[in-house]
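There are structures below to look over.
Next come two complexes built around chain A: one with chain B, the other with chain C.
== the complex of A and B ==
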């Protein structure tokens, strides 16, 4: 009973940060609305672009995608993108530049938790606000519901994608302890993740040799793999293998993030700025 | 009463990049970095007992904030031992920080975009404060500092002084045994300053809360602290009663006089003319040789005075004297 109470208090303590995140997010609600507007516009562009390509090449399947699957791919990538969004590198950079890192350190949390739970609330709100409208818009563009078990596998792969995305962003943010301003690094990160994650083009469009390289990188688990699981491009067995590898990357990145944080903290606390 | 803080031979050396002005040097520093070693703390030791209110004073860059940061767990010292409430602050940071309250005058520890009230409410869970205790404490603090309405506004919309009051509430909500206040009266008006000082005295009496305060405001120190620790160049140059130090070093007064009409050259036994212009002069009085009253009488009698201002010498002055006296 007493142990249960303590557990509840620990959870409530972390949830306070989640709450701070969504309350802050609520203040920027106009920003979410703007995101919502961008969804149909970019889908319209993708639709006409790919329709033109399919017509010009006079085929119905390109690299394993029909036109309808192609558009569905972009809708799913958009939804996964919202689910895995994180800007904690920006928050970390702002703290370092303003000298506000001490604020986080004066609170009874690890630096990782401090940012993770805040981000969970901040992004969580955008999810609730945006995901259903985007899904509905997607259905207008011909998106089909996926079936039972694939939906579950898709959800799992999306949750793992959000961990990977957060961890990479957190690590990028930590570099500001050495580099100070990291706007350039952040932009590079965004482009790399969008490109190698498969937001711009499905990775099957790349040469086989490159695809082999992608297999050994964590990026394709961010967008490409979850979208393909949703579109039922893999067998159950393949899905599980991919989920296993994504889990492996979560662990590797988590350990890496810890090590880098330790060294960042030493640098910060040693310099004492 | 037990010992709250024990510091032995605390040292801190900073290694900072040497940056020189100019584009050429900036490019050069990309490839070859030169470091400057600064000894911020050169080995300080002191103990503080539960229920004390101690003032940390010293000129800018003396090592006050470095000490506070090491004591609050956000700085690794280069050497020495620190024990605060049974914790080694920088090693046990997460479990330690719930036991202390910290106000950094220059930083806002509240969520910038949220109303202060939201931050207080979230602090209830962060510091695991029981519901009833939280409610009583919060309504008392808000009422005392007249923040009931202001706390509903986003922190970013508050003035510096209003924000400072909110910081104080946030630092004291969980009723910490030990509170660090680093230049807490920045931005406060005279009324708020008084309120704030009375409040600290009341907290200290009621709960035996220990306060460590750094400030440049000598009046604040006089109101709050029986004991002061003076730091200069990373060393403690004085640790003891405020009364003693005042008797020893606050025997000077600075008197500024502005005149309606030009007068004769100033001269008075026990007072030294520091500056003089046509319509103003500045005098340093040695209060052991002559009283303030006799000097003011003399000035009012001999000159056509428009304004007169009497002040204590500033803290830097006193420290320079103490430091000068030791070497």
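== the complex of A and C ==
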């Protein structure tokens, strides 16, 4: 009974953080509106670009994608991108630069969950104001529908992608304990994750040797694999293998984040005295 | 004139020291920009090896197109992109009065203060790509002159957009959304307008003439163009720039009134 009560307390505290994230997100209404307006713009560009390329190449399938699948790929990548969105590296940097880290440490949460649950509120808001509208816009552009089990597998891979993205961002944020200002590191992270994740071009366009390397890196699980699961490019078995590897990366990155946080904390405490 | 130039140099110096305060961050920022810009050409290489590429544009021509886009946005980054951020910041902190009391035109002052060193990385990448493409395509001097002129037009357009957003910042506090929207919309300039359907092509040519950032200059360099065509897309840009100046002046007047 007591344990249950503590659990409830814990949930209530975390919910408060989620709500804080949600409310902070509401301040950026115009940002959401811009993101929403930009979705049809991007899709229009990709539509015209790929239509022209398919016509010129005079084939119906390029690197395993039909035109409709290619457009669907970009819609799904966009949705996964919004779902996995995280900017905790920016918050961490701001705290470090302003000297506010101590405030976060005074709260009754670990530094990690403080940021995680806060961002969860952001994602929850974005789910309603961005992801569902983009899904509907995607249907206008001919988004391919997927079937029951693949949709469930897709959701699982997308949730794992959001963990991986958050963990990488958290680790990048922690580097500000040593580097102080990390605008450059943050941008490098964004470009690498977008490019190697497959946001700009499906990874099947890369040479085979590079694709083998990508298999051993965590990046393709951020966009490319979830999108391909949605598009039913893999068998159930393959989906499960990819989900397993994504889970493995979550664990590795989580342990890594803990270790780096521990030494960042020491560095911080050392600077304070 | 030399007074303005000295002031500009002073601001460049300030910006330089500001960046040098966090050297590691600055160099990583430069590397990240170079990296972000090189992603485009890498995608082009992949596209042209795996497909027959973008219709109407050979590989070298499209590299020229991308190089032009990167150069225009790099120069804009150096000189214009910080302007709205600077204005929003100063209006919010009440520092804008300083600008009004200084003995130079506020817009000139704000523009000088907004110089951003980072953009040099993009400018270098842009020139690199354009130089490589020139060595393959051998454009004539006349074409190069028109190309350079249209690039200046592109800078004028982007300057106008930044002034417009800044003018709105006097009234509406959070114009970051507009800046986001500008950058998202400018993605339309990343591919030739010839690919787009008629309504979108009209939109990027005349209503929001961002095609001037790469499509107009690159296509005028590669293919023969007429003066009529140049005038047709120069006119809306000049009109837009004058409009943004008028709105800026009006914004300034309102700001002064609110302060006094």
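Convention: the second predicted complex is superposed on the first by the 270 of 273 C-alpha atoms of A that agree within 3 Å, B and C clash if a C-alpha of one lies under 4 Å from a C-alpha of the other, contacts with A are read in each partner's own complex, and residues count from 1 in each chain.
To be clear about the criterion, contacts are C-beta pairs under 8 Å (C-beta built on N, C-alpha and C of every residue); 3 or more make two chains touch, one makes a residue touch a chain.
Just so we're clear, the structure is a prediction, and the values are computed from it rather than from any experiment.
Enquirer: Contact-wise, after the overlay, does A:266 reach chain B, chain C, both or neither (first, second, both, neither)?
Expert: A:266 sits against chain B, while chain C stays out of touch.
Enquirer: Let me test your reading of the model: by the given contact rule, A:22 touches which partner, first (chain B), second (chain C), both or neither?
Expert: Neither partner.
Enquirer: Which partner, chain B or chain C, is in contact with more residues of chain A?
Expert: C
Enquirer: One more residue to check, A:141. First (chain B), second (chain C), both or neither?
Expert: In the superposition, A:141 touches no partner, neither chain B nor chain C.
Enquirer: Taking the superposition as given, does A:103 touch the first partner, chain B, the second, chain C, both, or neither?
Expert: In the superposition, A:103 contacts chain B only.
Enquirer: Of the two partner chains, chain B (first) and chain C (second), which one does A:234 touch, if any: first, second, both, or neither?
Expert: In the superposed model, A:234 contacts neither chain B nor chain C.
Enquirer: Which residues of chain A touch chain C in their complex?
Expert: Touching chain C from chain A are residues 29-31, 33-35, 37-38, 41-42, 44-45, 48-49, 51-53, 55-58, 62-63, 179-185, 187-188, 191-192, 195, 200-201, 205-206.
Enquirer: Across the complex, what residues on chain C touch chain A?
Expert: Listed in rising order, the residues are 22, 24-33, 35-36, 39, 42-43, 46-47, 50-55, 174-178, 180-181, 184-185, 187-188, 190-191, 195-197, 200.
Enquirer: Considering the complex alone, what residue numbers of chain A touch chain B?
Expert: 9, 12-13, 15-17, 19-20, 23-24, 27-28, 99-100, 102-103, 105-110, 266, 269-272
Enquirer: Of all residues in chain B, which touch chain A in the complex?
Expert: It is residues 12, 14-16, 40, 66, 69, 72-76, 90, 93-95, 97-98, 102, 104, 107-109, 111, 113-114, 118-119, 122-128, 154 of chain B that touch chain A.
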